[in-house]
Amino acid sequence: MTFLTRLTGGVPARSLWCLGGLLMLLLVAPALLGKYGLSVLILVLYFAFVGQAWNIMMGFAGQLSLGHALYAGVGGYIAAGLFFHYGIGPWAGVFVAVAAAVAAGSIVGYLGFRFSLAGVYFALLTIAFSEFTRIAFDHWGWVGGSGGLFLKVDSTSDILNLRGGPLLFYYVILALAAGTFILCRALLESRLGRYWLAIREDPEAAQAVGVPVLRCKMIAIMISAGLTALAGVWNAFYYNNLFPETAFAMGRSIEFTLAPIIGGLGTLFGPIVGAVVLTGLGEIFTDLSEVFHISGLKQIFYGLALLVIVMYRPAGVWPWIADRFGFGEKQK
Amino acid sequence: MTADFLLSLAQAITKGLLTGMVYGLMALGLSVIFGVMRVVNFAHGEIMVVGMYLAWMGFEYLQVSPMLSLPVIALIFFGAGYALQRVVISPFIGRPEHQQFLLLLAIAILLVNACLVVAGPDSRGVQMESQFDSYELGPFVFDAVRAHAALTAVVIAGLLWLFFTRTRTGKSIRAAADNNLGALVVGLDVRRLYAFTFGVGAACVGAAGALMITIIPVTPFLAAEYTLLAFVIVIVGGLGSMTGALAGGLLIGVSEAVAGLLLQPSLKSMVSFGILILVLLLRPQGLFGKSST
Amino acid sequence: MTGRKTFTRRRLGQSALAGAALLGAPLPLREAFAQGAPANLKVGLLLPTSGLQAQIGQACRRGADVANDVFADMKLPVKLEIVNYDTETKPDVARTQAEKAIDAGCHILVGAFDSGQTIAIAQVCEQRGVPLVVNIAAAPQITEQGYKFVVRNFPTAPMLITGALSLHKEIFKISGKTPKTAVLMSVNDTFGTAMINGIKALFPKLDMPYELVDTISYDVAAKDLSVEVAKAKATKAELLLPVSRLNDAKLLVQEMVKQRWEPMGVLNPGAPGLYEQDFLKTMGKYGEYMISNVPWLDPKSAMTQALEKRHAAKFPNDQLDLNGGFTFEGVLIAAQAWLAAKSTKPGDLMEALRKIKIDQHVMVGGPIQFDSKGQNVNIKATAVENLKRKPTVVLPLESAAAPLVFPMPPWNDKRRT
């Protein structure tokens, strides 16, 4: 039980109760929501999950990546390709997919960190790798090139091959999101987590006091890339088609970053709150703009909302909520 | 055969240089803003697209050639950039990069979709006879619009250089860029200088937009491509360096053209990203950048 | 309906009773009762009206916007409730919007121009048992997946190509000029790749009179095609087959004029670009005489004439092209399925779709009918030539509105004005 107490140490009881309540609610949510509501909730969990994965790099270790679509794309493509060509199901294929994404992450990370690129320069390196890969996949026949890779869709449910309806995908993404949440908490409470925070706050000082900076950063990008690849695999089997144009798009990388930044960088709840806020706002604005029949109006609302949030809550929405409602962890 | 090949290579390089000059002008604004304020303008391509639309509207509704509306657009953009910096961006100077990134991303989303709502989704272009013209010089064929655009870009870059080296404001901006604290100590109004810089940067991009519309039609959603291209160019040339931005533009223009000739053309932007990765790793300050401390 | 009749108290009581009974009735009964009412087939129209594909998405929507008026003109006894949804050019949005449309009570969905988004919607339709009429999307996979609730009224890439290449032979026969070589230039995106692969696979089987000397593919966001055109010109091919989008089509023709490349003809084997309004406007005289082998509106059909009239009245600044035409037909198919099924139940509608045969429609080709895979195989390719700034059907002859001009006159020819 020491592991559990370590995980929950310092967290106010009301927060734990709320968390448990939330999980229960999510478990029964499909019964309460319509199909449309469920599909929105799936998106929320998906963005919360990828956001959490991205947050490990940026929020914990302070490395700004704007190319995470690379890992999701590589992961999704490999699992889908194995299934498509050799009938290897995703539960096995996912290991290859994650391994490939971790390898890709290691290359990007090693080059970036070895040559001490930081901030915008590192971000551009990640974009460059992602775009580079996109064009490479455009020309790679095994994955269908820019024509796309299509998985066969049948309405039979086959959990062994991750084939089935939205309900199956809902529980898979819920499990992934919840598992990653716990993993992140454990990481933050570990020595590695404290090293990361030290690196984030001041890399040179961290180096000076003996933190193995390069190794810690490498672990961060590998974990982050591996988790993002999981999201990519899930995404590939949920949508059943992949195109380099969308799988590796810079727009997708940017989408991944929004939830944690809006929610609160470096916090556990940030990505979740951010995903709820962004997806929720998106749906509300869709409804609002339908009244006017002007295409693009929704995105204007959306842009304004982002602007307002970043101007008035630059540290994110969650820290503010936590303060208001006393969910915050006691300062240690 | 070899003579033929050399000729087509020379042709490709010429074309690359002409296109690269306009790329360079586009990237110049980004570089100026970063060099002075250390703010990375993620809405750069979007601002240029707005410039393209303004030039198109001038052509479509007022029958003014983009070359003539260019100074007006530059002026409007200077004002708008000045105001934008003063009102929205100013509080973000010195803030963490991800906050600046999100701010400019929000601005980018607003600009692109405002274009969609106002001008519609259709591809908009200007029709000019010169788009079908070319100059012949011996075996060389020069593209008329690109030649005009490149010449104009050279003139604008020259004006900018004069501004930064010959005028009081320009010199003060450079002083503030080199040493922010020092500038404050000697009593420069840094906030005003920053706004001025953003104005100058925006004016550059607006001018580039007016030139660009003569070369390629505009749709709202091409903006992100331009942002990325501008980034590639300034990083290759050296973020914050004016010469670097122009040289980076030329280099990318030429490398794209040559790659298009030697490889399958659809692979040519891969070459640009390859160059970007190499430069980032081997010379992160860029080919013309000053090595930072 | 009953507004004119005088209500007696007894009748009022009866109808109130009936109403109450109806409200209390189980769902199937209520649906069964609703069948009688003529104005409540709810059609969910899903299109990318914002984002990267906004231009085509909005062109599609215009075709559906005038559908009810055209039905009225054609004395078709239907009026549909068409609800618009924007997919934002993203598959994930397409998916949630499809769920939303079905939750909102749409009985049938129409959409969604792009293959990726269409597949996302098709999965929702399969799971929920609601029919999807695909207006435009060329990926062959859509009708190869065994979907039970999807029909497609658009040719697949191989169909487009087969149709186009056989028309090429007809063009050569009529004009008496046959080129020996051709070069293929293609945008390297989903559609472009599908077309290139299709052309390469089908070319040997179709016994074409010319030889393909090279394939040049370029990036979809190309800002400059000078090198590409120079390469194509260097092949000395007599025929150019472009698979383009809009912006690159403009760059392509500008470069051809600048580099003074004058092939015998420019024959588009099924792509957008060359017939689009904005292309014709910006290219002016240089856009003339290019031929697109695409499905097109049949100028001889009375319904097309009604559609053109309504479209021109409502959208005077926009040209009606195949996007609007096929989307209109998508809505027409929904309407006819409803008329045949006499029910709004998705299962009945789907049953009707499988057996449907629509003789009176707008695109060139035989009656709209779906094979066992849900594919309409009666769509015919046409040759649409840009004449007097308007895409004009020149082949097949029975639908032709003007005679074919081939080879293409040189750039400085007097016929170009």
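Chains here go by letter, A, B and C, matching the order in which they are written, and residues are numbered from 1 within each.
Rule of thumb we're sticking to: a residue touches a chain if its C-beta (ideal position, glycine included) is under 8 Å from a C-beta of that chain, and two chains touch if they have at least 3 such contacts.
Bear in mind that the values here come from a model prediction, so they are computed numbers and not experimental data.
The fewest steps needed to get from chain B to chain C, moving only between touching chains, is 1.
A centroid comparison over C-alpha atoms places C as the chain most distant from chain B. Note: centroid distance chain A to chain C, computed from Cα atoms, is 37 Å.
The distance from the centre of chain A to the centre of chain B, each centre being the mean of the chain's C-alpha atoms, comes to 33 Å. The set of chain A residues that touch two or more partner chains comprises 135, 138-139, 295-296, 299.
For chain B, residues touching at least two other chains, in rising order: 113, 116, 121, 220, 264, 266, 269.
Counting partner chains per residue, chain C shows two or more touched chains at residues 49-50, 54, 57-58, 188, 219. Taken together, the chain B residues at the contact with chain C in this complex read 8, 11-12, 15, 19, 113, 116, 120-127, 131-134, 141, 143-144, 215-217, 219-222, 225, 256-257, 260-261, 264-266, 268-269.
Chain C meets chain A in the complex at residues 49-50, 54, 57-58, 84, 86, 88, 90-92, 95-97, 99-100, 102-104, 115-116, 119-120, 122-124, 126-128, 139, 141, 145-148, 188-190, 192-194, 197, 219-220.
Here chain A touches chain B in the complex through residues 58, 64, 66, 111, 115, 117, 119-121, 123-125, 127-129, 131-132, 135-136, 138-139, 250-251, 254, 257-258, 261-262, 265, 294-297, 299-300, 302-304, 306-307, 310-311, 314, going by the rule given at the top. On the chain A side of its complex with chain C, the touching residues are 34-40, 43, 135, 138-139, 145-148, 150, 152-155, 165-166, 239-241, 243, 245-246, 283, 286, 290, 293, 295-296, 298-299. Contact residues of chain B toward chain A in the complex are 40, 88, 91, 95, 97-99, 101-103, 105-110, 112-114, 116-117, 121, 220, 224, 228, 231-232, 235, 239, 264, 266-267, 269-270, 273-274, 276-277, 280-282, 284.
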